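Comments concern the structure below.
By letter and in written order, the chains are A, B, C and D; residue numbering begins at 1 in each of them.
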Amino acid sequence: MSASTPTFTGVIPPVATPMLPDHTIDHASLERLVDHLISAGVSGLFALGSTGETAYLTDDQRVAVLRTIVATSEGRVPVIAGAIELTAARTAELAQKLVAAGADAIVTTAPLYTLNSQAEIAEHFRTVAAAIGVPLWAYDVPVRVHSKLSLELLLQLGSEGVIHGVKDSSGDDVGFRRLLAANEAAGRPLTLLTGHEMVVDAMLLAGADGVVPGLANVEAEGYVRLFAAAGRGDWDAARTEQERINRIFDIVFQPAGLSGDATGVGAFKAAMHARGLIDHATMANTVESLDDAAVQRVRGILAELELLPAAVV
Amino acid sequence: MSASTPTFTGVIPPVATPMLPDHTIDHASLERLVDHLISAGVSGLFALGSTGETAYLTDDQRVAVLRTIVATSEGRVPVIAGAIELTAARTAELAQKLVAAGADAIVTTAPLYTLNSQAEIAEHFRTVAAAIGVPLWAYDVPVRVHSKLSLELLLQLGSEGVIHGVKDSSGDDVGFRRLLAANEAAGRPLTLLTGHEMVVDAMLLAGADGVVPGLANVEAEGYVRLFAAAGRGDWDAARTEQERINRIFDIVFQPAGLSGDATGVGAFKAAMHARGLIDHATMANTVESLDDAAVQRVRGILAELELLPAAVV
Amino acid sequence: MSASTPTFTGVIPPVATPMLPDHTIDHASLERLVDHLISAGVSGLFALGSTGETAYLTDDQRVAVLRTIVATSEGRVPVIAGAIELTAARTAELAQKLVAAGADAIVTTAPLYTLNSQAEIAEHFRTVAAAIGVPLWAYDVPVRVHSKLSLELLLQLGSEGVIHGVKDSSGDDVGFRRLLAANEAAGRPLTLLTGHEMVVDAMLLAGADGVVPGLANVEAEGYVRLFAAAGRGDWDAARTEQERINRIFDIVFQPAGLSGDATGVGAFKAAMHARGLIDHATMANTVESLDDAAVQRVRGILAELELLPAAVV
Amino acid sequence: MSASTPTFTGVIPPVATPMLPDHTIDHASLERLVDHLISAGVSGLFALGSTGETAYLTDDQRVAVLRTIVATSEGRVPVIAGAIELTAARTAELAQKLVAAGADAIVTTAPLYTLNSQAEIAEHFRTVAAAIGVPLWAYDVPVRVHSKLSLELLLQLGSEGVIHGVKDSSGDDVGFRRLLAANEAAGRPLTLLTGHEMVVDAMLLAGADGVVPGLANVEAEGYVRLFAAAGRGDWDAARTEQERINRIFDIVFQPAGLSGDATGVGAFKAAMHARGLIDHATMANTVESLDDAAVQRVRGILAELELLPAAVV
């Protein structure tokens, strides 16, 4: 990256982590995936997020994954890396490794496992930010972290320069709308991204700066078109594209009886494999795989939307 | 310890981690604390649990804390160490370091941050157990992990020999009672400990094998007497001792407006410091400290119960 | 109402229930409020909803409130009435009274207090629908009911003709988006309204048929303009209006330390009183009132937005 | 009742509501059940609780059920009646009907559906107490009411004389233990009953005054023996009886795939029917019934414990 602060707006997919059948990293598929995403027009890459199954990776694996993404990207787009750890000291240690491996920015959550106040969570972000030489972002994902980053906390950290932006996966659209307005009123200290791939048109209308769609691993072009349509104020085109995308998103409702992690990322990987984007749909160790019937339903949706390669169909 | 499988029954305190004013480990106080606990008659030590603020420690700090506990214990009592990490591969890595540092057994939770099924959680425990050469225990603490280990899961893992016991901090006394009965019916594959220090008499009456009381860092003798009374069937004495202990436990209700971690462990450390058991009441980094008024209320309770040293009073 | 099925699209405010200082119904203010809302251009009225504090009213009071609303409306707009009760038999009894009092349609929630399956909740709606001669609507408000109406349940009931529409106050924008798409694919058996007043532009872009904004009690004209702008595809105008409205909505963040009911409806009533729309800001019995400082902050926001009458300013 | 204040200690079953196949009240079975319970030695009756499916009954049905219970009891034991309604005004209306029908005391919960502070909940109880001429009790059942009655609230209301006692179904044994201690320290303004039928021995050891066990509808004698054993300090006998009772309680784990209401009360009614205590196992309208396989499993448990009548076996 250049010496200037990287900007993360537009479409910034959370890059999936392809795996070999023995659950080790499939670096060849990862390189292909990164190239494919950049060719599709994404404006940045989010490495080591929930979609990247980072929680299941050892630190060595995390560093290796990031190195491949950074090396393949070759500076074409900036790379922000998730440092998902329990608490500040541990997050800072990990973040330093990720910066050394080429991350242009770091994103982290509130502490895990602990029982903290918003004041302690603020101190957590300050401690991490002070330990790294690149911009820090906040990741708000209460379904996994089990605490919500408050509007006041985020604005405070933004005004202090502790965090540069927020990836919002809170599912709280009213709260996000309030954050957008408060950020605007405060002079836009924060860049605000939504993680909810099914409502991007609506969130862009409301003022979001970009989107981090896991589904973009399956098809990124639609999100690039959607973001462009919104940029030129063509909201009907944005909505039409969103509705087409949402038909793809139906793949995540095909598995039955599996866990949240097995279902979402599992459907993405099954679809990526069906489209030839990765060599195996293997999940991280201890996560169950989709059964054949679910894979066939996923493929059926892709076929209907003409998203399978000719040879495959 | 001897070559035989360590048993963890009776009173097994989760050892607090004393810290110097700069938030680094206070090994001298830790040695004194371990000696004190063993002298008080505890039957084992639980290193690196929630009370030990293990979530806030780096891996190097965790290993250092455990080494001090093991070295000070000198095999007088067995040591079980918490390996609190996100997922199986990471937990196994950490657990191996802890075993190398002298842990006689390992205790871990369900995965953190992830969204897993009970089948995936079972696989998580199997993966960790297969990676270590010492007994594995399950730690059920939904308030922190945000998933509950089901009775069926625990019994299955017990019958497979994957786990040797459970530390129950679920707050679900009906569920724990059912687990006690089901374990009995299955031939007692599991050793069952309660983590709820205020209801130990009742849990022992119900059949628990032991207790892991954070409050024992403040005063362990009462729990030792309580367990002995229960062992000889003197339930009135057990209850009387429990009620005295619960008056001590009132210290955790003295802080106001602090987080769960700052309140509970904060009150323990303030009381330990007041009793002269550790040199500083310093909390782990990013956790707030009790204010002076709260510390005075804690000391007031200790004074009333004649738990302050003469010189201090 | 006419013999034809009433349609509820556009802006359908949940009518607040003005009260006298002794907490009895202030029918004179209610008449004035209803007239004001209809003059402002709303397309229907939602009587006896959460904003109407219906939970705090006896059945006699509920009937009296509804009679006043219906009588004042004089058929200018259709009236849908909330029948909020514990279970089907009780809801049906109440709904029959409300239909007799002039309700054109009834809206109800899943059962309260009970622990039911989705199949039982479906039966609940079928039982209520069979007992009344007017259209039934479903009200999805998990923050109060503590269960979520599933997409499958709503579509099934819609296709059976059991329910005619849904008022969505679930706060789950992704779920609502999926419901919109599934309803479209099923031939639109349901009319879909959002209850979230801060994101109406986004929900209309996504395809919602209308909105039930509590804030319209304070100012309905903005929502009428917003809905019209969306109808002609002028999304920038819709967003601009929404952002102005959201500045009004800041009134609900002015009270401090009060309950959810005291805060939201309390701020609405304080603002309505300040604007001269009702004679007293009195809340239902057992709900706390805003203190003077909060009332002043509410008035300050109204003044800044030029929403106070000249005489008042 | 006599002119003196009724006391509710010991075993006070929440009386089930037998129904005819058309879901109307089966008064003949109800009379038989009440007689049976009193003969078994219970010290009071809790009419119209959750086990009594009161949430599914209309007010007329509630009054009718209570009349039958009171008439059958003939003053042999006191009767406390649940007034389960949304808010204070509605609860007071209902409670007055129940007092007129013979209730010796009323028990109610925090408001339903609403979003209230503890201060508003206190006012709720004060309003209800002021409207009735008999003692009021508080029912703490967060799994249904979705708010928890705090220790401070309960003690305050007890010291004011607003409430006479608490039925605790919170599942929070630590909180209940603290309440027992605080009540003792305050001079015992409250009578404290546990609703958790599987841990009665432990709760009595901790100081509970009695128990409200739904399972006593199936077999009350065991609870009577358990309470007597605890009373004479024979805790081993109490525990042995509890463990036998818990084997009966396994009936509630036999249904599969049903709702909470269908499962718990459904298993009780299936067992009561199998034992000949009631004529039909019919559930309240909209609640699903146990399938034949589940009924057979329930009967199998009863048979093993020799709880089926000779003629039935």
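Definition applied: a contact is a pair of C-beta atoms (placed from the backbone, for glycine too) under 8 Å apart; a residue touches a chain by one contact, two chains touch by 3 or more.
This is a predicted model, so every value here is computed, not measured.
Chemist: Of all chains present, which has the mean Cα position farthest from that of subunit C?
Modeler: B
Chemist: Could you classify the subunit A-subunit C contact as same or different, where same means more than half of all interface residue numbers appear on both copies?
Modeler: Same; most numbers are used by both subunit A and subunit C.
Chemist: Quick check: how many Å separate the C-alpha centres of subunit A and subunit D?
Modeler: About 50 Å, centre to centre.
Chemist: Subunit C to subunit D: how many Å between their CA centres?
Modeler: Here subunit C and subunit D have centroids separated by 36 Å.
Chemist: Two-or-more-chain contact residues of subunit D, please, as numbers and ranges.
Modeler: Not one residue in subunit D touches at least two other chains.
Chemist: Between which chains does touch occur?
Modeler: The set of touching chain pairs is A-B, A-C, B-D, C-D.
Chemist: Would you mind writing out the residues of subunit A in touch with subunit B in their complex?
Modeler: Subunit A reaches subunit B through residues 50, 55-59, 61, 84-90, 93, 111-117, 119-120, 123-124, 127, 143-146, 258-262, 284-288.
Chemist: Could you list, by residue number, the parts of subunit A that touch subunit C in their complex?
Modeler: 171-174, 177-178, 181, 196, 198-199, 201-203, 205-206, 233, 235-236, 239, 243, 246-247
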